[in-house]
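After this come two complexes, each holding subunit A, first together with subunit B and then together with subunit C.
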Partner chain A sequence: MSKSLSLLLFSMKEISNQRIYQTLLAILIIIPWLLLIPTSLFMMDLGKVFMDMLFTFLHLWLLIYIFFLAAPLLARDIEMGTCNMFLTLPMSRAEYLWGRYAGVVATILPILLAYLISAVLAFEFAERTWPGYVLSGSGVQFTYGVLLILLPYLALTAVLFFIASTATGLSETTVFLFSVWLLCWSIPPVLGAMQEQNVAAKNPPWIESILQFINQLLPDISSSQISLHLAHHIPLENMAVIAYCIEHLAYSSLIMIVAVLLFQRRDLG
Partner chain B sequence: MRPEYLAVNKLSKQYGNNLVVKEVDLVIRRGEAIGLLGANGAGKSTLIKSILGLVHSSQGSVEINASSSYLPEQPQMPISLSALSLLKFKCKTNRLPPSSAQQALDDVQLSKQVRNQAMREYSKGMRQRTSLALALCGEPQLIILDEPMSGLDALGRAEILQLLQQRKSAGTAFLMSSHIVSDMVQLCDRVLIMASGRVCETVELHDHSLEEAKDLEVRLAQWSHRHE
Partner chain C sequence: MKSHSISGYIALSLLLLVSIHWARSNSHINQSPPPHHITWTENQMYWHKALAGAVPAIAADLAVLNIFNIYAQSQKEDISNRSLWWPQLYTEIRRGQAMDPYFRDIYRLTEGLLAFEAGKMEQAVEILAMSEQRLNSSDPLLAASFIAFQELKDSNLAISLAKRASAKPDATNLAIGFSSSLIQKKNGCKLALDFLKSRLDGMPPKYHKGIFLRIERLKKKDECKGLI
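And then the complex of A and B:
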């Protein structure tokens, strides 16, 4: 356990020393303030549009982090043999994979915190500048939303580890992860549309069953209902939130356990 | 009798129908240095990786009764970090005193000015020295080296060889794979000549002379030619 913890800290240092990470951090501090410019065009719905845009950017930078920082780190470890260095320290394969996962997840936190602080300050500014158009407490609602939206990305990161534990390199890892991400985004809206009466009548039920099955296998990263509720200040049901959190944490743990099992069986070049 | 640090028994590794390591037996004791010599594709690296558990052996067993470390053929290190951070990480995971990191970097003579710089700015030779320092850090009892001199100039090779010889005199055991016969002759007590995954011949080295190196080269060429 202590080795995983050391690797967590080491991974944090390794990722945060990369220029792309530092650039992302700097950009995310500015983004909320820049977003006030286009959102001020929607004066009547300024608060809602601002929060929607902030959530959209949250999705965007979390994806950039996973695809351009986490995926190359892990793929390089396995493809180029950096993981051999860790494993011969020595360290077990399970310690290595869990340590790296925890490190990748923990390194999200500083940029998340920077984004949150900047966004909450921007909300404060908007509330004072355009009173009535931005509801009070929007910053708190946004913070709550960010923490909830983060959970599916922990699951997507676990999926990345699952893919990388068997993939041969960066190309394979990226292509498979992109496919998973695409399915995560596209299936829930398709399923939603299929449940409409006129559409459901025209489609054989087995198609919906297959889509439902695939949907169950993947994390729902769009978190559209959360964004919608919070942007409109509609309260979320506590039980639903608890179930949502447990579902994603359990999913992440399960996928990581499978990833460790697969990684333990593979030969490393 | 000196204690056995490594015992390999009938180790084989098969990829599909291709048997790349065939029933290798090997014992390394305290203070011994064993060389693995063979042409490219002879199975040296696969044997080393099987010993380290990076590759799962198809048959046979490996027993390591010592603290060990490994220097890979092409060290790939986290280039956004410095050599010192990397070695301190090893000290932390292996519960070694932090001073071991500086000591290992001193041993491989990595300049003090570059120790805190990100490794992306290092030359190939500096990365090789860092990797060697990582292998030597904490004074492990058994060190497995895969082409340790790769990327080093003649002077660097001589310095590192001297360091390895000092460690050997202090009781460290080595398993070393190399293409450079003269380096191997200077350090090793025994050399296993490998071809087509099999240990074809074990050569005992006595006086570590140039003649022995030449003789080894001739034997290697003969065995490689036979297995082509």
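And then the complex of A and C:
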């Protein structure tokens, strides 16, 4: 356990010392304030528009983090044999993978916190500047949304570890991860459309079955209804939120267990 | 020799900067009106939803920005050519409504631009009525009722919409008064004028033109002349 904790701290230090991480941190402090400029173009639902933009940026920078910071770190470890340095400590392969995963996830928290604080302060400013157009308590709704939207990305990070545990290098990891993300992004809305009667009537049922099957295998990153409801201050059902949290945490754990099993059987020579 | 090469690079860089500046200022291509046959289909909505993925609300925001752009482009045309832009205006409004049906700006632009500017009254009433399922506000339904009564001359539809508007939790005296007047068949010019003036609130001044035109038209009506 202490070895995994040491690796967690080491991973945090390793990622946070990179210039791209520090640049991302600085940009995310400024971004909420810059987004107030396009927000002012709208007419009535200014608070909603501001929150939409903030949620979109959240998705964007979480993807940047996973693709440009987490994926190269892991691929480098395995491709260049850096992981052998840890594994000879001695540290089991399971401890190594869990430690790295915890480190990658924990390093999101400082930038997430900086983004949240800056956004909440920008909401306070917007509420005072456009009273009536930005509902009070928007900062709280946004914080709630951020915490919920983060969960699917923990699952996507677990998918990264699953891919990297068998992939030969960075290119392979990135291509497979991108494909998974693309499917995760587009399949849920397509499935939603296929529930409509007029669409269902036009398509053979086996197409929907195949899409449903693929969707069950992938992490569900479609948090569209969460962001849509919170941006309009429409309360979320408690049971649905609990189920959503359990789904993502269980999915992340399951994929990490499979990744560990695959990594333990891998020839690192 | 070294100083020569540095000054050469500086001169070349300056030349390139001047070319970039010239090219940028001369490469503006005037946007031509979109094809007139653009129509909104349900399939488009599914494509847009698939592309928007986890962020459909931002797609609705972008649709609103497109609506502003379409309106600005249409205003550069002669009055006779402006109608070329209206099918695209309708498509963007439908896209915005499909992506985020809770978005009040979409309904306000439907009323202000699609109805009063483009004159697409039936389509505007259809979109405004869609707000009933999603919004607690009586505002879009009231606007739909007014358009149905004043422009489409469909009293039954107007009464039905006004009743639904009055049932909303935020129904104002205006909404309740309007619906009761409709039910009692008290068509009043002053009522219509008050209603139109109330629609100017919350709408940016550059989009007031369509509403002002309706007010002027109302004032010119024979039956309204003595009352206003």
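The rule we apply is simple: the second predicted complex is superposed on the first by the 267 of 269 C-alpha atoms of A that agree within 3 Å, B and C clash if a C-alpha of one lies under 4 Å from a C-alpha of the other, contacts with A are read in each partner's own complex, and residues count from 1 in each chain.
Going forward, contacts are C-beta pairs under 8 Å (C-beta built on N, C-alpha and C of every residue); 3 or more make two chains touch, one makes a residue touch a chain.
Since the model is a prediction, treat every value here as computed from it, not as a measurement.
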{"item": "First, second, both or neither for A:Asp267, with subunit B first and subunit C second", "value": "first"}
{"item": "Touched partner set for A:Pro90, first subunit B, second subunit C, both or neither", "value": "first"}
{"item": "Winner by number of subunit A residues touched, once subunit B and subunit C are compared", "value": "C"}
{"item": "Contacts of A:Met80 with subunit B and subunit C, given as first, second, both or neither", "value": "first"}
{"item": "Subunit B versus subunit C as contact partner of A:Ile163, first or second or both or neither", "value": "neither"}
{"item": "First, second, both or neither for A:Ile108, with subunit B first and subunit C second", "value": "neither"}
{"item": "Which of subunit B and subunit C A:Phe10 touches, first, second, both or neither", "value": "first"}
{"item": "First, second, both or neither for A:Gly192, with subunit B first and subunit C second", "value": "second"}
{"item": "Which of subunit B and subunit C A:Gln18 touches, first, second, both or neither", "value": "first"}
{"item": "For the subunit A and subunit C complex, residues of the former touching the latter", "value": "41-45, 48-49, 52-53, 55-56, 59, 149, 185-186, 188-190, 192-193, 196, 198-199, 221-224, 227-228, 231-232, 234"}
{"item": "Residues of subunit C that touch subunit A when the two form their complex", "value": "42, 45-46, 49-58, 60-61, 64-65, 68, 100, 102-105, 108-109, 202-204"}
{"item": "Residues of subunit B touching subunit A in the complex", "value": "49, 52-56, 68-70, 72, 74-78, 80-81, 85, 89-90, 92-94, 118, 131, 134"}
{"item": "Contact set on subunit A toward subunit B in their complex", "value": "2-3, 6-7, 10, 13-15, 17-18, 76, 80-82, 84-85, 87-91, 265, 267-268"}
